Every structure is written in structure tokens, then in C-alpha cells.
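Structure provided below as C-alpha cells; questions to follow.
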Amino acid sequence: MNKVKVLILVSLTAAAAYLSLSYPHAPKDILLNLRFPRVLQGFFTGFSLAVSGAILQGILKNPLADPFIMGVSGGAMLVLLFCKVFSIPDAYFLPAAGGMAAAYFSYIVSRKFSGFSNAGVILSGIAVNAFITALITIFVIFRKDDLIYFFHFSFGNISGVNHREIIYFSIMSCLVFLFFFLKRKSFLAMAFDEVKAVSMGLNAEREKILFFALASLLASFSVGMSGLVGFVGLVGANLARFIFPFSSREYILSCGFIGALLTVSADFAGRAAASPIEIPVGALTAFLGAPFFIYLLYREGKR
Amino acid sequence: MNAAELRNVSFSYGEKKIFDGLSFILPENSILCVLGPNGSGKSTLLKIMAGLYKPEKGVYLFGGQDFSIFSLREKAEKVAFVPGEINTPFDFSAMQAVIMGRFRFKKWWQDYDAADENTAMEAMKTLDVENIASRNINRISSGERQLVFLSQAMAQKAGMLIMDEPSSHLDIKHKVKLFETVFQMKKNGLSCVYASHDIKASLAFSDYCLCLKYGRLFYFGPSCGMSNDKLADLYDIGDAGNLKNFI
Amino acid sequence: MKKILPLILLVIPIEISAGGLAVFMPSHAEIICELGACGEIAAVGAYCDWPLEIRGKQKIGDYFRPDLEKIYSLKPDIVFLTSSANSTAASDLRKLNLRVEELEPEKNLKDICFTAMRIGKIIGRIEEAEIFCAKLKKDFSSLKPKTRKKVFFEIDSGLWTSGGGSFLNEMLKKAGLENVFSSRKESYFKVSWEAVLKENPDIIISNYSKPEYFYSLPMSSKVKAAAERKIFILDKDLRDMLVRPGPRSPYAARSLMELVNE
């Protein structure tokens, strides 16, 4: 039964991608050079963010965790800020590295003060994000011209990404996903009960660090390349859990596809709604995701 | 060879000392019940014996060796621990929970297979919960949950089973099943340690009894040696005569 | 008495002394100086930087976050602002019992004169305003671009542009440029590179992005502007001048025309 659901999901995503590629109609060279890379970037951005969210929600045993919870978005923005100040071109791997560094910093802080407890991680991530956001706010007060840049960054942008970088990103996302899939047993044990996991032979602390690193990696690269595409990381995994059992084999894959579907659809809607005006993808992911999420909550309440 | 031995073990949670200089020897292939009022350190003792905590002072020996030198997998081979409470917001089916007990047998990239599923099913059958194998653990009764978690520990096939309040939510039928299973385990050469408030059953089914009263070793010896008077003293019950109604 | 005085000032244009003028918008400051009343300006908004004598004046914050304390302490006779629904500056200042003159934002080139005349009336420089208007008209009409070229104008990086109906659009027209997205009336929006390719502009102008950025975009060779190396990045002065409806506007249009025709 689950396999059928996955098939439907994959078909829906393919349909969204197909729609996005065909409308508005464009000649072949534009499709190949512009439209297709954009859809691909949208797919993998949504996929990575949703999988990252799923990993974090499982490890932190908190359905409200999202990929930016460890300060990844703040770290990326901080690096972009430095690039602006010192006029360094902001290649995507710089903000990605910034995101990873912020996540690492959150980990160190939470480890020092709370022994790496789940609540501690969330709190330190919030603190890191808030601090960096404050820094950025102060910065843009003095450099008004850069305000608009950060403003745009917070909406996400999946177009105009270098083709080679998209390939790297896709490969990385797939590899991380495959590795994570192999480590499913540990993930499930951690999401079940950490104490029990240790007594079953799992090094809970080491596994937790590993999963955080994987989730941060996915989120950092998404942010570095596509800016902040909000809501997908949070909603992808939650939606998936309405349709697939958490411990099913298909769960994580479906998280990824739901995230991809959401992002590709949002991008399509953003382009088609008021052509040639383009509504940034991040503005639409919440717009599309939230009502559907509420509908599912309503159905859940009725059960 | 002894199953387990504590020599002069002390343990604290931060500033608070739980116990100091605790010592006892548990012979092989025996069942130990741990009694005492709440807050006496029963859970902590069980966790030390499961290798989840390391003694501050003194040493915990398992099968004659210092338990702390074993790797996590080796520990999992020797001891299976069932905590008092397991809470997860996610939906696992009973089968998926029980099959996790097979973790130590798999390589990191391997997934559970049909053989694991069989072992899991066997464990559930022993505890009479095979019929809820596909049910969501968050939607079954707390008693059924406890039996599922017990099945999970059994699927681990460790030499010693350590349980924290295993019978607290069970109805009489399942309580009987639980203690009978424990007894059967002993017959199969395994040992078992559990903390419980089910005093009569605990004493009836165990060989040895360890009583902790607020961190002090109140009594350690054969279970039959625990009289009603001693129990009244342990739990600070004024009139030992009343106890007859409960145990 | 407090209410009558400003009324008298409105009806009878008299020379303002003492308190002076507080001016937020750079364009208004430029106009006031052009009318010869630079000396009467007591304080300016954060982005006012021309003419040079303005730079030394007291700064009073910007339009969205005026430094109310500073303004109040200077007790200007008049505060000049652009009327806008987005800022409470006007009402905040009126609460301090200051006289606030709100001027409508300019939509086209004629509006520059309209603003100048209003300012002239308020500060008693009507004659100077009329001279300014005449000169403006002459300077604009002497600008005769030889050809009309299609332009994509990137206001902010990431392909953010402006539609028809904005002041910038009118300036572009004056310089002989036609905004490829003028059919949209929104004044600030993002477009896809695909849309730009479809329009195939002859020229691309950007406020912040270097030409190399556009050359690096996929299929850039298909755009006429890229193929003919007609991609320009504006320097700060020209960038500012183009969006300040004031005395330098004809010069800005001419500079732009020369830039793209070189």
C-alpha cells in the first residue's frame, strides 16, 4: 500500500515538473538552459529541506523542528554579510559553510550547557539565529543599500544557479539521502527512545551528532544556493507523516518528494500567476503548504 | 561465577548522592527483585547494572569482569534494559518496535529481515501480544505497551534482563504472564533483575531480594527472608498487620 | 495665535528666517538649493548629499525613521516630506506642532516643475521657481535621442525591475530608451531571465550588477544587449540622479543617453 502511495507522490511531482517545464511555452534551448535547471534546483532544494526537517524532527522527537533550527539560516546570512562588507563574491559554498559553522556552534553551546539534550539544542539554535539576525539588522541600518539584498534572500531564489553547482547539489543530496537510508535503523531507534537505543547497542551521542551533521549539510547547501525557502522543511515531514507511518521504509523518501513537489509547484505558480512578474518561491511555499496542512489537521482531529 | 556484583559502588546525580558504598553479589542464573520506597535509588541502580551509568566510586562486575570496559554491542549482548517509561511522538507498530531489539545483530547498513521478524514474533507470542503486532504502540493500552517493550527486550537475546517497574500497568492476566515468563527465562539459563511495587509477586517469583531505603542497603538476601515486619520497616508502614491485605 | 501664524504664512509668502527648513528628500533639497534658498536649510535627511554645501548640515534620520528629537530641538519653520501612506512621519511631526508640507511624489517629468512651483510658493521664491521651470523645459526638449532602443533596467540584483508609470520609466524614455517591461504598471517586481530573453532588449542597465554577471547567465549570447556588449552598470552619482526628480534630471537623462550610445 505504501508503495502505491509513493508511486502516486512521484507521479504528482513529475506532473508538477512537467507543468513547470511546459508553461509558459518556450523554445527548446530556453527549456534546456533555463527552465530545466531551475526545476531541478527547485526539486533538490525542496527535497533536501524536507529530508533535513524529517531527520531533525526524528532526532529531536519534536514535530515542530525545521532545518533552520540549528542556526543554519543565520550562519548563511552572516557569511553573506561579510561578503558584502569585504566585497567578496558570494559563491554558494561560502554561505553553506557559514550555515554548517553556525550549526556546529549551536552544537558546542548546547553540549557545554545542557549536555546536548534535545531541548538544549533547540534553545541554542534559536539563540544563535536570533543573535545573528540582530547583527544583520544592525548592519543594514548602516548600509541601507544592502537591506534589499537580505530582504530578497529571505524569499529564496532558485533561478540563476550555475548549472555545475546544481549537479553537485543534486549528487550531494542523493548521496546524503542514501547514506541516511542505510542508517535507518539507528534513526528509528533514536526517534523511539534514546535510553533504550543505548541499551540496544547504539552509541546515541555519536549517532545524534552524525544525524545533525547530515541535516545541517542538506539545509546549509539549500540555503547557500537558493536562499531561505521557508516552510518546506517543517511542512514536508509533517505532511508525510499524515500519509505514511513514521517507521515505514517509504517515509523519508516521501518527505523528500513532498518537499520537492511543494517547491516545484510554488515556483511554477510564482512564474505563471503574473507573468512576466515572478513571485519568489519562498513567498509561495507557505502560501501553498499552510492551507493543505490545516486541512490535514482537521481530518486528523475528526479521526 | 557470579552474574553480577557491586563492590562499594557510589553514585551521585550532580550534587545529590544517591548511594554510597553499595555492595552485593548476585549469583548466576538467578532472579533479583529490587524493592524500596520511591526515591531510594532503585532506577539508578538498575541503570548502573544496565551499563547506562558508570559508578562514581567502586566497581560493577558482570560475569567477573568490569562492565565498563565492554563495548556498547557487548553490553547489549549481556544486558537488555526495559525503562520505566518510553515516550515517542511518532507512530511505530508493535512489530516495528519489537524488531528494534535485534539491532545488535545487524551491521550498520543492514536492515531487519524476515529472520528478525520471526524472532520478534516469537518474543511477542511468549507474552501473548502477537495479535497486536500491526497496531500503533501509541494507541494500545499501557499494559499492552509494556508487554510490547518487554518483547523488544527479549528479542535482544541478552543474558540478563533488567526491568524498571515492568508490571505497573498490567492487569492480572498479563501480570501473571509477565512473571511466568521471567521464571521461564531463569529455567533457560538467563538472569533477571527488576524493580517493582508488586511486592507479593516479586517476592514469590524471585530468588533474591535487594531492598533500598533512601540510598542505603536495607536488605540483601534470599527473597524468602523478607518478612512482613521487614517490609513494614522498609516502607515505613506503622502496622505490619495491615500488610496482610496487600501481599 | 499658534494656529493663525502658519495660516498667515501660507497665504502671504514671506521670507522665513530663524528656524529654517528641514528637508528629508534629496530631490527636494536639490530643488530648494536651485531656487537659491540653500542657506535656509537647517537640516536634511540622511541621504541628501547634493549640492556639496548640503553635506555639512544637520542630519535628521531618514524618511521611515525620522529623528524626531533632533528635528524638534532644531524647531524648523517648515518640514518638507513626500506624502506617503507608508510612513507616519508627517503625522508624528505635526503632533510636535511643526508645520509639515507634504509634496506628492513625481510620476513624470512635468511633475518636477509642479513640485518646484509648490516649494517656491511655500518659501517665497516664486520667481526663481518660474525661471527653474523654464530652464528645465528647455533642457529636456533639447534632448533629442536619435533612436529608440529597448532596455532592461535592473534596479536591484536578482533581476528586480520597474514597470511603466514610474518616474524612472519617464527618465528612460527621455534618454531614448524603452523599458521592455513598461506594460506592467507595478513599480517594483522581479522577472525571470527567461522573460528578459524573450524581450530581447538592445541594452541592459543595472544599478548594482556588473556586466560580467549578465554575460555569465545561461544563453546570454542570445540577448542583443549581450551580443553587442551593450550592458552597463551605473555609478553611484548617475544611479542617484536618475531617481531624483530635480534640477539634475535633464543632465542625468543626457548622461544616460550618452552612456548607451557610446
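Here are a few things to note about the model shown:
As written, the chain order gives the labels A, B and C, with residue 1 at the start of each chain.
By our rule, contacts are C-beta pairs under 8 Å (C-beta built on N, C-alpha and C of every residue); 3 or more make two chains touch, one makes a residue touch a chain.
Quantities reported herein were computed from a predicted structural model and do not represent experimental measurements.
A summary of chain positions shows that the Cα centroid lying nearest the centre of all protein Cα atoms is that of chain A. By C-beta contact pairs, the most connected chain pair is A-B. Mean C-alpha position of chain A lies 41 Å from that of chain C.
Separation between the centroids of chain B and chain C, computed from CA atoms only, is 79 Å. Of all residues in chain A, none touches two or more other chains.
Interface of chain A with chain B (complex): residues 58, 61-63, 182-186, 188-189, 191-193, 195-196, 198-203, 241, 245-247.
Against chain A, in their complex, chain C makes its touches with residues 47, 62, 156-160, 181, 184, 186, 189-195, 197-198, 208, 217-219, 222. Interface residues of chain B, counted against chain A in their complex, comprise 50-52, 72-73, 75-77, 79-83, 86-93, 96-97, 100-101, 103-104, 106, 108-112, 136, 149, 152, 156.
Those residues of chain A that touch chain C in the shared complex are 26, 29-30, 33-35, 37, 144-145, 148-149, 152, 157, 159-160, 163, 271, 275-280.
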